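Just below sit the structures, each encoded as structure tokens.
Same chain, two partners: chain A is paired with chain B first, then with chain C.
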Partner chain A sequence: MPFKPGRNVNLYALTWRLPIIFWQFVFFVGPVLFMVAMSFFLVKNYRMTEAFEFVNWSRMLSRGYFWDSYWYTVIIASVSTVCAMCIAFPAAFALAFRASESTRRWAIFLLIIPFFTSYLVRTFSWFVILSESGVVNAMLATIGLGPYTMLNTNFGTLVGYMTLTLPLVVILQTVTMANIDKTLVEAARNLGCSAFRTIWQVIIPLSKTGLIIAAIFCFILSFGDFVAPFYLGGSQEPTLPILILDTTKSGQQWPRAAVVAIMMMLTLFAIAFIGIALAYRKPKGAK
Partner chain B sequence: MSEPLVVFDKVEKKFGSFVAVKQLDFEIREGEFLAIMGPSGCGKTTTLRMLAGLEAPSVGEIRLQGQVMNNVAPHQRDTPLVWQSLALFPFLTARQNVEFGLKMRGVDAAERKERALRWLDKMGILEFADRNISTLSGGQKQRVALARSLVMEPQILLLDEPLSALDAHLVIRMQAVLTDLQRELGITFVYVTHSQSEAFAMADRVIIMGKGEIAQIGTPKDIYRAPANQFVAEFVGRNNILSGRVAALSADSARITTPSGDFTVPTNDVSLTEGHNASFVISADLVHISLAEPESGNRAFCRLISEEFVGSMVTLFLEDRHGQEFKVQMQERELSRFDLHSGDEIWLSWDTASAHVLNET
Partner chain C sequence: MNTNRALNVILGIYVALIFAFVFAPIIFSMIFSFNSQRFPTIPLGSFTTEWYAKILADPDVWEAALNSLIVSTCTALIATFLGFCTAYSDFRYNFRLKGPYLALILLPPTIPLIIMALAMLAWFSRIGMSGQLYSVIIAHSVLTAPFAMAVIRLRLNQMDPDLESAAWNLGGSEWQTMRHVIIPFCKPAIASALFLTAAVSFDEFAVSWFVSGLNKTLPVIILEIVQGNIDPQVNAIGTFVFLISMTLVVLAQIFFASRQLKSIRT
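Then we have the complex of A and B:
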């Protein structure tokens, strides 16, 4: 057989790429396309039938409860992102700038440990701490306060979101800030910038890309999370994941649930797109 | 004489158990161009960082205009530094970089802009004011870094090997820019470098450091012609160093016996003792060569090992039959009269006054 290097190289490359392309199609592109198609199906007598009708879309998007749930989810995921970014920052700052190399390595290792256990289990453990007769209220009672209701509130939902996102956000922020050229921080100090002021003037601008990516992750995880709002928030106000569950349960409305899911995906696409565009935006005066 | 601008009073700096610098005792005079030179790890950068407040001395005092600076935070000092890596802020334009220090000092936007543009213009890079740092060339960045420090109108400017990242031809250009600026502004420059040519070309005084200590302080000429000790003599490079024993001592000269022969040297102020060891140096450019043996005076018979050309100057590397190395520096046109090839044997000679006895340390 004659040797054709170009052709062989292409085949070789293709062989390696094939599994990932296959994976993407079977487990991502395929299901998404099916979900889009399904959002146009009809449900008759609790059974889904193939169709191409806009009735699910018009019904869901014209309902107040959908938009209430939509904006509630957007807002609480945003609040979660702001909280996680703010709570994580001092810890990440200390790990990146004050801790030694080995302390930082240990801290990152310890921050990975929470991912060893199921998020659901970690969420349930909050019952012991946050319930009316839980640890926090017992401690507050000794100084004559409480009891406070913390479960089945927005606060409970946020505690759940923090359980999910904080370790990841601290890791991402730490790694980003540890990679900053320390000379630039010293240069700012040398030019009259106080240690505290360097955070806004130098450190945040320098770690912008990593910080935005940490925030995007936090938003995506919170926005799509079912466990925290369901168990700790008590689905007082249903978030979109809870709405999907309710919709599928009530009368097998899979097509309407698909509409909610597509709206969620579009929102996350938009957030991720805008976030990454901001993260990698060229500084002023760059070519 | 006026009060020195900066005084280092028995300053020592330790990092853990590692002593970075010790017994730093020197002063910086108002308006001088001082170079601190030494091999890497000699503590020169630590010295500069202590002056900027980025490190605190472990022992001793640093005084600026009579005021003890040990515990003054870096941002409360007026000691801008030009960094080896330049440390320009990549998220800002050239003008915003220059404005940074003024902004931190609370100067209002209009004045900031005016002063930044004036300095960018002075450095010849006004057209790049609104460009991002990443789009500028090495030389242009260098000028932005200088403008960023000088716009603060400091009394003292610190420079940490600022030219080490530049191409050779740019280094020469920037040296001229720096010396002109220093003369024009009349401010004190403290310039840290490992490059002898940079230090000698620009500085009024040079501090040579080795292993965390000051080896010598003096004018470039002092250090070149009269190194204080073996370390400086070796660091300065183009020196011939001979070691031996003091055979005879008179009022102002000594006879030193070395394996390569007996030589007469002026004693200067160095105290020598008959029978003790002594070393002396002769600058490479003060050694003469001849084919015939000189009739009298200091002389050595050597074999040529190799030659090195730098422009019109040539350095000959030679060795006598006792293994003593010699270096001779001369004009290329002067050398061409001899038609030498490696392996040829010639006579070296020098005036007694050219030799300089070292303090043994």
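Then we have the complex of A and C:
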């Protein structure tokens, strides 16, 4: 047992401590470990048999389409992260430094609502808005532009990703920047530092940890989302989540889907690890 | 000073544009749900409730709505219970392996839903629990418990740690203290956690789609309708789903904020 004797371990303590251990081991750790095991199983005549073979791994990892899909997903999720971070920054800056406390609270209150509100329906709504005869093209037509094809393009996929990630990224950036020591920003300004230099050399370094965590979440959400690339991007180039979907739903190739899923998790671990290492690295010259 | 004011105006407009982008799909979905055209555009067609009449006449939608109601209610109760237990353990005790213990509850939201969906589907099939409504409830409780834990843990942060020992000194047992001191103190956060976890569960589609089998929830029905074609019924169901989940999230936030007012009074 991991508990030291005589350290308040009684029925009362265990009542509160054990439920989550039991629940998550059976319904969270269990599924994830089983998925790893499943990647070594065999599929014969559409039935999965338990085995320990590397055939799924070698087959998936030797396929060109897997790696095409892999790099496409990594790149578009990275682009999405850069876009979300850049688009959100001025808004978060305004809310953190220019808005009053109550405005900021209201803004965050409002942004939390869409973050927890049906992403699927919001994506479908974009599908209608962005379509060839949709609202955006109708508005552009009044000033003599278009129609533009926005669906089934990377642009469409990115609009979907922004729908998913922007509220969260704005919230995280705002909270981070609102919490930095304002006297340091004022000091920089009083000493004659320009506005952009203050942002670049004072505000961003001071809020680095929060910004990187926002970027990591943004990457995870974009990387794992299948709705935006499927409905708005037309899945011409399938992303990894679409690959999992196709492999699972058609052909019952669960073990191969598991290989894709594990590759995704390893990638996310690596990114999160690098990100967190960067986030908590001491700046040069600091004690 | 003038450039400063100009900058404030520009930033204000920028923030407004961001909000417009974020809320545009919700607002358009609601507008289009009353629009007569099959392929909605501007200018709008005439006002109609045809799409609502259609979904209200569809028994599949009713069944899915009932399933969603059951799933989100049960999920909220289980996830909030698990979240409370863990938040309290974290607040009250220090023990070895506390890091991994907390990781156990906090990790699921960092794993993409499609991966959780595959893992849950495979595992539930293996242990003979797949394709049932309770499979969805169990999966959702794993996914939403961290939100409940976070909300309740933040509330416990505001409690004076001496309050508990004071209750013991006055002769209360640990169980009595829990019942008469800690739970009343956490009530607003518990309510908030219930609403928030219900909202997340009500909107979740990836895991539900994989593990629900024939017991479809509303988001799964939506997912099936939108497979590649524009059907205005989705706007009608979507408006309904938006209203419910927005109400839940707003209630969650109101209860979460009410704790601050209360702690000032006490």
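Methods note: the second predicted complex is superposed on the first by the 268 of 287 C-alpha atoms of A that agree within 3 Å, B and C clash if a C-alpha of one lies under 4 Å from a C-alpha of the other, contacts with A are read in each partner's own complex, and residues count from 1 in each chain.
Criterion: a contact is a pair of C-beta atoms (placed from the backbone, for glycine too) under 8 Å apart; a residue touches a chain by one contact, two chains touch by 3 or more.
Nothing here was measured: the structure is a model prediction, and the numbers come from that model.
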item	value
Chain B versus chain C as contact partner of A:Pro205, first or second or both or neither	first
Touched partner set for A:Ser133, first chain B, second chain C, both or neither	second
First, second, both or neither for A:Arg197, with chain B first and chain C second	first
Partner with the higher number of touched chain A residues, chain C or chain B	C
Chain B versus chain C as contact partner of A:Pro167, first or second or both or neither	second
Partner chain in contact with A:Lys44 - chain B first, chain C second, else both or neither	neither
Partner chain in contact with A:Tyr231 - chain B first, chain C second, else both or neither	second
Chain A to chain C touching residues, read off their complex	2-4, 7-9, 12-13, 15-17, 19-21, 23-25, 27-32, 34-35, 38, 87-88, 90-91, 93-95, 98, 107, 109-114, 116-129, 131, 133-135, 137-139, 162-163, 166-167, 170, 220, 223-226, 231, 241, 244-245, 248, 254, 257-258, 261, 264-265, 268, 272
Chain B-facing residues of chain A, complex	181, 183-184, 186-195, 197, 201-202, 205-206, 208, 282-287
Footprint of chain A on chain C - complex, ascending	8, 11-12, 14-15, 18-19, 21-26, 28-29, 32, 39-42, 81-82, 85-86, 88-89, 92-93, 95-97, 101, 104-105, 107-108, 110-116, 118-124, 126, 138-139, 141-142, 145, 174-175, 196, 199-200, 203, 205-206, 210, 219, 222-223, 226, 230, 234-235, 237-238, 241-242, 245-246, 248-250, 253
Partner chain A, residues of chain B touching it in the complex	52, 54, 73-76, 79-81, 83, 85, 87, 89-94, 96, 100-101, 104-105, 130-132, 134-135, 148-149, 152
